[in-house]
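So that you can tell them apart, the chains are marked A, B, C, D, E, F, G and H in the order they are listed, and the count of residues begins at 1 in each.
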Amino acid sequence: MDKLDEELLQLTDTGIIRYSELSRKVNIPLSTVHIRMKKLEKQKVIMHYKGDIDWKKAGLPLTAFILIDIDVSLLQSLKKTQDKMLKELLSLQYVKEGYVITGEADLFIKVLAKDSAHLKDILLNHIDKVQGVVRTKTIVVLG
Amino acid sequence: MDKLDEELLQLTDTGIIRYSELSRKVNIPLSTVHIRMKKLEKQKVIMHYKGDIDWKKAGLPLTAFILIDIDVSLLQSLKKTQDKMLKELLSLQYVKEGYVITGEADLFIKVLAKDSAHLKDILLNHIDKVQGVVRTKTIVVLG
Amino acid sequence: MDKLDEELLQLTDTGIIRYSELSRKVNIPLSTVHIRMKKLEKQKVIMHYKGDIDWKKAGLPLTAFILIDIDVSLLQSLKKTQDKMLKELLSLQYVKEGYVITGEADLFIKVLAKDSAHLKDILLNHIDKVQGVVRTKTIVVLG
Amino acid sequence: MDKLDEELLQLTDTGIIRYSELSRKVNIPLSTVHIRMKKLEKQKVIMHYKGDIDWKKAGLPLTAFILIDIDVSLLQSLKKTQDKMLKELLSLQYVKEGYVITGEADLFIKVLAKDSAHLKDILLNHIDKVQGVVRTKTIVVLG
Amino acid sequence: MDKLDEELLQLTDTGIIRYSELSRKVNIPLSTVHIRMKKLEKQKVIMHYKGDIDWKKAGLPLTAFILIDIDVSLLQSLKKTQDKMLKELLSLQYVKEGYVITGEADLFIKVLAKDSAHLKDILLNHIDKVQGVVRTKTIVVLG
Amino acid sequence: MDKLDEELLQLTDTGIIRYSELSRKVNIPLSTVHIRMKKLEKQKVIMHYKGDIDWKKAGLPLTAFILIDIDVSLLQSLKKTQDKMLKELLSLQYVKEGYVITGEADLFIKVLAKDSAHLKDILLNHIDKVQGVVRTKTIVVLG
Amino acid sequence: MDKLDEELLQLTDTGIIRYSELSRKVNIPLSTVHIRMKKLEKQKVIMHYKGDIDWKKAGLPLTAFILIDIDVSLLQSLKKTQDKMLKELLSLQYVKEGYVITGEADLFIKVLAKDSAHLKDILLNHIDKVQGVVRTKTIVVLG
Amino acid sequence: MDKLDEELLQLTDTGIIRYSELSRKVNIPLSTVHIRMKKLEKQKVIMHYKGDIDWKKAGLPLTAFILIDIDVSLLQSLKKTQDKMLKELLSLQYVKEGYVITGEADLFIKVLAKDSAHLKDILLNHIDKVQGVVRTKTIVVLG
């Protein structure tokens, strides 16, 4: 990863993906950009390309981050790992990201919802039903 | 937004962006997918396409979420809004996402770092230097 | 809901309910106020009229807000929902309001009591006895 | 306040205000109910009658409780009391209730909003601008 | 309770218990003080007289306040009340005061210890063994 | 401090102060109890005798514990110590005990009040006015 | 322990262990230093000498402090003490120090790890598996 | 760092420093141990050797961990870094270790004291006097 690679990744991450445009932005010949990008794609540093969705326009204007406490001893008795739980949570509709974290909780997920009634449904009828979830603490994004 | 639109957005969000592949996945004729996707792109529900980066491979394996408390009265006296602060934070290198939130802090950002020494540098020499930041609380992603 | 509707609701909410008085306050002919209020009542935006009680004079000078943590897995095994629990809590005497919330607890209720001994009785002998209650945290209103 | 008074207040509080209906519910002659209610009204135990609004239908579906920390020394230097601050907060549009509390914050208010963008506006542009407010912590009602 | 009663109680509480000294302090004839004190004793406002111990000199220099969380459902199943638990805790040696409280815990006790090793023994081998104790949080007095 | 001294202090602390009664309780000859008690009094282990007040009967039924955060830098600039602050707080009427503590606050006091309105007055008009007080957190005793 | 002993221990603790160097630093004849150090070693005040490791260079650059909550009633039923649990934790590789503490948790350990993925493995596959562990809260050292 | 290096460091860290003893423990010829240890010393992986002090016997039986919050804006105006503050804290007598941390505070130090009165003195007269310290939270080690 040299400085050029880094710049290309930054731009790619913000939606500039055409080689010609990248070449203009970093002020490097198109051929070099081509080689670099192909290498980053081949090494799976750029895993793939994806749509960048405006979730508000898509009818999901409410974003929430949910800190999840786990019942460690229940998981032990179920022989279920935290990674397993995280996968289960990530398979739920409307759950977009998930992490094992340090600090005041065990898991941390990002959820999109239509409104606070919908968020309530997601929390109570889907997230709370994943075995091992003891307590959730929801942070709502404003605006 | 009908059910088909939703499905197309979900798939697009996970990196399936070729119309032929989308058509296969949702089991809908290519021509219909084409019309729908063009509409979603035109309405900017799909804002653009972007690279999905494996930041670990890109040399930034440490992800941290930082809860930021704001000095409300300092902001008042500086006539600076929280949205302004958020923009400043988002302009910092390695800061990837940012939100105004409810709950135990005012702002919430996602940061990528090389290691804990690098994270320290980002926190102390860049984030703490944004006017209005009173206190930060860092959650480190494990694994 | 136009601006006039909003003003009428605000006034109605603070105890101004006679159409003549409303007409004077918003400076709109009585006939118009009449039509609007009838519509708001018919659409159940104004659900009904109720007494506004001075609970201090009624012998319940102590107001407390109680944050309630729920045992998610117990509820699962009992096939009991949080909404069900909330209804149970709201059916208790002295419990006046109740909400499912985000943040540091699951449920949130408002309680009126005669004094701190009475509040203790309500908490220990009634609220704690509702199945699913794990922990309560009481905020006492001063004054 | 005997048992009959208490029952009448409970019913009045939930929207049963016609004497005939009250008489039926408590199973006491109308004349007695009449005397009691008149007394409760005269003693201002029933302060007045008000509309019970369905705020969701009125376009304000989002309810939030906001815990507010106060800068005690700033208030001292401004010779401003907490009761004064509370009055200021209660005079803001969309702020419905307010209390001085024990526990993890100093003031506690209830706010109604159109959606999370509106709540953000109320918090950042109105509540945060009341002198003496140091920090707010928002609890969002679900559903 | 008039002002004189209050003053007499304040003084009595700080160790001034001889009527002659009380008479001098409040500047009221001895005979009046005599009558008042006898009344306060008879009404059990002054329950009895007790030694005011300097616990440091008595070999217990370490004071700790312990916040105790209770397992509400365990208590339910044991048909044991919080008052019962409090009595059990107060019967332990070195536990001097105990309260049912609002806020971040359920019970609150004051403990005296020889040193931190002794405090550890009290906590782990006595307080933790009282059925219903889920978690304790210890505040150590400095100096 | 041998075992007998300890027992005598325990009893003295709970209001058994007559030597004859102490002698009976510990089952030791009166003459020995006399010598021991005189020694404990002379060494100021028993500092003095005081009335044990039933504050509820004395018109102060509400007990509160208040955790106080201090503005360390303000104290520095005022050349005022925490012990000085504690003395100031202890000189306030209704403040009964005070401690410098470890853990989630700096100072810790016990307050007696007539009711929640009186507690509000003590907090806002007296405790908050002591220079150096930044924030208070009140725990109310139930019952 | 006089002042000289204290100084010698301080120096010994920071890696100055040759008597000649100690003698120079404290400006005391070598013979005196010799006698004192031998006494401190014999009395096991200096328990032994050990290497002071630069764990970063040793491939463990990530230091974390972990606060551990214990399930008090599980321990009771297992007849297992907190000291026993602590020993179990200290026997785990990468766990370097351990304490029973007051305050917001029960146990407190120091862990060294290669990176955040390794820390995740230590936490989830080793610490969480010690019977009695209910919840952990991890503080990561920066830099 | 191969497995042998790791084992040697572990042993060295626990006070086994004589090559002969190390050789026996790891069951590797003395000559190999000699080469490895010399290399580890030369590369400063083993920085030096130090005494392992029994602080209880040395008259400092009370261990405390102190979480320190920093006034970020004061530091900015003083052009003082957190690392600078940490150095200042570490230069205080009785402060043994210090870290910049993530999570609920900014700095974290370990302190040894004679008793709780001594700890009070260290906190109030030394740590609180370091410019930039806003708040401290003390965790006392039990036993």
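Quick note on the criterion: a contact is a pair of C-beta atoms (placed from the backbone, for glycine too) under 8 Å apart; a residue touches a chain by one contact, two chains touch by 3 or more.
This is a predicted model, so every value here is computed, not measured.
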| item | value |
| --- | --- |
| Where chain C and chain H overlap in contact partners, by chain label | A, B, E, F |
| Self-contact between copies chain E and chain F, residue sets same or different by half | same |
| Higher-contact pair (C-beta pairs counted), F-G versus C-E | C-E |
| Whole-Å gap separating chain A and chain H, where each centre is the average of the chain's CA atoms | 37 |
| Centroid distance [mean C-alpha coordinates] between chain B and chain A, Å | 8 |
| Residues of chain E touching at least two other chains | 100, 102-104, 119-120, 137-143 |
| Pairs of chains satisfying the touch condition | A-B, A-C, A-D, A-G, A-H, B-C, B-D, B-G, B-H, C-D, C-E, C-F, D-E, D-F, E-F, E-G, E-H, F-G, F-H, G-H |
| Contact set on chain E toward chain C in their complex | 69, 72-73, 75-76, 81-83, 100, 102-104, 106 |
| Touching residues (chain side chain D, partner chain A) in the complex | 61-62, 115-117, 119-121, 123, 138, 140-143 |
| Residue ranges of chain F touching chain D (in the complex, touch as defined) | 64, 71, 74, 119-120, 124, 128-129, 131, 133-135, 137-140 |
| Contacting residues of chain B [partner chain C, same complex] | 102-104 |
| Residues of chain F that touch chain E when the two form their complex | 1, 5-6, 9, 12-15, 17, 43-54, 57-59, 63, 65, 83, 96, 99-104, 108, 137-143 |
